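After this come two complexes, each holding subunit A, first together with subunit B and then together with subunit C.
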Partner chain A sequence: MSHTQESGGRRLDRRRFLTTAAIGGATIVGASALGGLDAEAAFAEPMPSLDAAIPAAFAEGRIVAMNRNVLDVAGSHGERHLIQLTNATSIWKLRTTTAEAIEVGDGLYARGAAMPDGTIAADAVWVNIVNVYVTIRGIAKDRLHLTHGNDELVGRIVPDTTTASYLGGALTADLSRTRIGQEAQVLGAWRPADGSIDIARVSLGH
Partner chain B sequence: MACGSTSLWAGEATWFCCGNAWGSCGSAGTGACGTCQSSKNMAAWPNLSAACWDITRPDLCGENMPRRTCGAVVNVRHQCSGAAVCVTLADCGPRTKSFCGESACCNGACRTNRVIDLTPAAFTAIGSLSSGKLPVYIYE
Partner chain C sequence: MIPLVSNLAPLVCGLLLALTGAAKLFGRQTARLAANTVLVRVLNDGRRATLALRALGGLELALAAALLAAPDALLPGIATALLGAGFTGYLAYAKATAPESSCGCSASDEGPIGARSFTRAGLVVAGGVAAAGADSAWWSEISRRPGGSALVLAAAAVLLLGLTADLDRVWLVPLRKARIRVFGNPLPSGTGERVPVAATVQLLENSLAWQTAMPVVRSALLDHWDDEGWRVLRYAGAYQDERGTHPVSVLFALDLTLSVDTSPHPAVRVSLIDEETEEVVPASVLTPVPRRTVLPLAN
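Right after this comes the complex of A and B.
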């Protein structure tokens, strides 16, 4: 899939589009103009920086404040990030979503371009995403009880969202083949309020 | 040592978190090498040590991967896009044996079995965290 397009006779790549959007404000078209509406599409191709002055950037941490489209993020190692969202930013929070779904207190991983003013213009933001190796300890209609290392964890089954993959097979909404004692990988969205996880996908092992 | 271009392995890359972090990652620690951080370009390798091998057992999936130890660097390249990231080995993983036969595909070409686990910083350099896995070539 290509994420470039012709614009006024000039080839426009996603990173150039993004940084232009971040500098110029919100007077931009949607990410669909670049052919990518979700975070996966946004990174399907290499994204060279515009030039050496605009290097790629990554940020991790908890959101401590939000001011319009800027996220103030406290990194886990004491650093601070200001992450600028634009109409071209792909946002994931259990599913592909919009900036309105982001809340103070959420954790995130963000990828984008480092701007001259120290902010990060985000290509993609994954909010509360976790990907944990677990053992299934209990099964209920609306949740799985899991152990992650020495910790107990609740994985919430979200109707119309949670899928499963058995032994590397295709994704299915059928969770009836989960078994107690099974090892699994759970990709989902962490809930800061109680530490549980909304399950996007559970991959069941042997 | 810099990342090289000599082919080392190919397979499925997954991602994990380590070091100080939020959410369920908070208890993960800094990994088998004591240096792992989610915000750095790092990776876990199934044959980091004999003890690591006993946990991951990639051979049970037909992957007899060579020993590479803490601090080794490898270049991980997305099979389809060509996007690449240079990572430092900092932990033991993934648990290849638990997911034998699992594959990641793009454009109809697939790589099978989990052979490397990338930190979020490294994984996002070549793909999307929400995909959970990517088909990759690994060089050193």
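Right after this comes the complex of A and C.
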């Protein structure tokens, strides 16, 4: 996997160690629906804090500066947030990634705990995430042409990342069942440079 | 060829200006449209921007009438070219200061300013220059050379059709549909593909294991890797004991070939590793979800 090559041997050692621990873990069999913490959770109501003493916080805006692991974020309504990334912060930018992938100018949603000094210690940060209902107007090898209301959008297919779900079925890499004229929900990462969307997931027929 | 195009230019420009002018002057959407253009900022007022846009529509209509009625006069052609040049300048200004704003060019077109808008404005300039060079009226030109005229007019219609985003769904979408019917869907099909990580996450989040570990999990997915047929998903978490709160890695291991479709009730292995001591935390910190018993059915 791509992650494996870019990281050093120490990370691999740690993964090896964690794998051994994980496969030796307790097995729980069963199923029950419960709200998730994946990319879609960015659009869910802020969760109540797990610890009643720490108020939950939610922030949204554009990154205007980055200093080590603190993001300076200008909110859409004139507010300002300082967001502290920790080694427990999950970062999503089309896929699970690390803090190096964040750039100044990106938009974000962040969820975390409000700290006494006014910063937000983030549990999860979703960079440039967009969630739109669209109509498919064209299909090409590496992109979908979409309309959202009156706006035209280009949705790029990202190899090994873009998934589709048909009629509520499992997410799959099979994109060939898309049809022109279908209504779809697209979850993806907006590209500030040209306004197109890298598609993470396209849901059809829901 | 050149005199033919030149003599027909007043007709093409006149019809185009009549269409866009009427839409601007009488259109119900003009106010809504004006609100999205850069005019609002220039004139500092939405109502004045609407008025300006309607006035422009009136001007375009007047020019169209002049072009159609007096095709061999010099002035309407020059005025059209000037209008096109002014429009190009306005587009360049709007593009530089507010690139997302609507151009308001064809009154129903809402799209942002792009290559199409500039090409259209440039064509108005070219059309105006050509119309200024007309030496006979378009009606006499058509009656003199009907075949050539039809060709030129058809070419102009195709060109304008291609430059109008509103009409895309009339010709572009059917064209794309036909292409897919002939050549098949170009997107990758999933035969023999591995299960995407997102599908494994979906499977996990529907599982009882996730529900059980939920009180401990504090983050979204941090890392994932495949090993020996397992897909390992790592989350951050925290658990409490009498000595305080400790950070842990919450690890889930699932069969990497499974998805919600193939296995709605997967076996999930859950482990907690203390981040500081790197020791496995006993699973007793997890709160098992009480198993529901099925109510007996009446026979």
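One rule holds for everything that comes next: the second predicted complex is superposed on the first by the 151 of 206 C-alpha atoms of A that agree within 3 Å, B and C clash if a C-alpha of one lies under 4 Å from a C-alpha of the other, contacts with A are read in each partner's own complex, and residues count from 1 in each chain.
Here, a contact is a pair of C-beta atoms (placed from the backbone, for glycine too) under 8 Å apart; a residue touches a chain by one contact, two chains touch by 3 or more.
Values in this document were obtained by computation on a predicted structure and should not be read as measured data.
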Partner chain in contact with A:171 - subunit B first, subunit C second, else both or neither: second
With both complexes superposed on chain A, which partner does A:190 reach: first (subunit B), second (subunit C), both or neither? first
Touching A:81 in the superposition: subunit B (first), subunit C (second), both, neither? neither
Spot which of subunit B and subunit C makes contact with more residues of subunit A, would you? C
Per the contact definition in the header, classify A:133: touching subunit B only (first), subunit C only (second), both, or neither. first
On the A-aligned overlay, A:200 touches which partner chain: subunit B = first, subunit C = second, or both, or neither? both
Which partner chains sit in contact with A:163 here, subunit B, subunit C, both or neither? Use first/second/both/neither. second
Return first, second, both or neither, reflecting whether A:150 touches subunit B, subunit C, both chains, or no partner chain. both
Using the superposition on A, tell me which residues of subunit A are in contact with subunit B and, in the other complex, with subunit C. 38-39, 41, 92, 96, 124, 150-151, 200-201
Residue ranges of subunit A touching subunit C (in the complex, touch as defined): 1, 3-4, 15-19, 21-39, 41, 50, 87-90, 92, 95-96, 123-124, 137-141, 145, 150-152, 157, 160-161, 163, 169-178, 180-181, 200-201
Subunit A-facing residues of subunit B, complex: 14-17, 19-25, 27-28, 37-39, 80-84, 94-95, 97-103, 106, 112, 120-121, 124-132
Within their complex, state which residues of subunit C touch subunit A. 110-111, 165, 168-169, 172-173, 176-177, 180, 185-191, 193-199, 201-203, 205-212, 214-215, 217-228, 230, 232, 234-236, 238, 247, 249, 251-253, 259-262, 264-271, 273, 278, 280, 283, 286, 289
Residue set of subunit A touching subunit B in the complex reads 38-47, 56, 58-62, 75-77, 92, 96, 107, 109, 111, 124, 126, 128-133, 148-151, 153, 165, 167-168, 183, 185, 187, 190, 192, 195, 197, 200-201, 203, 205-206
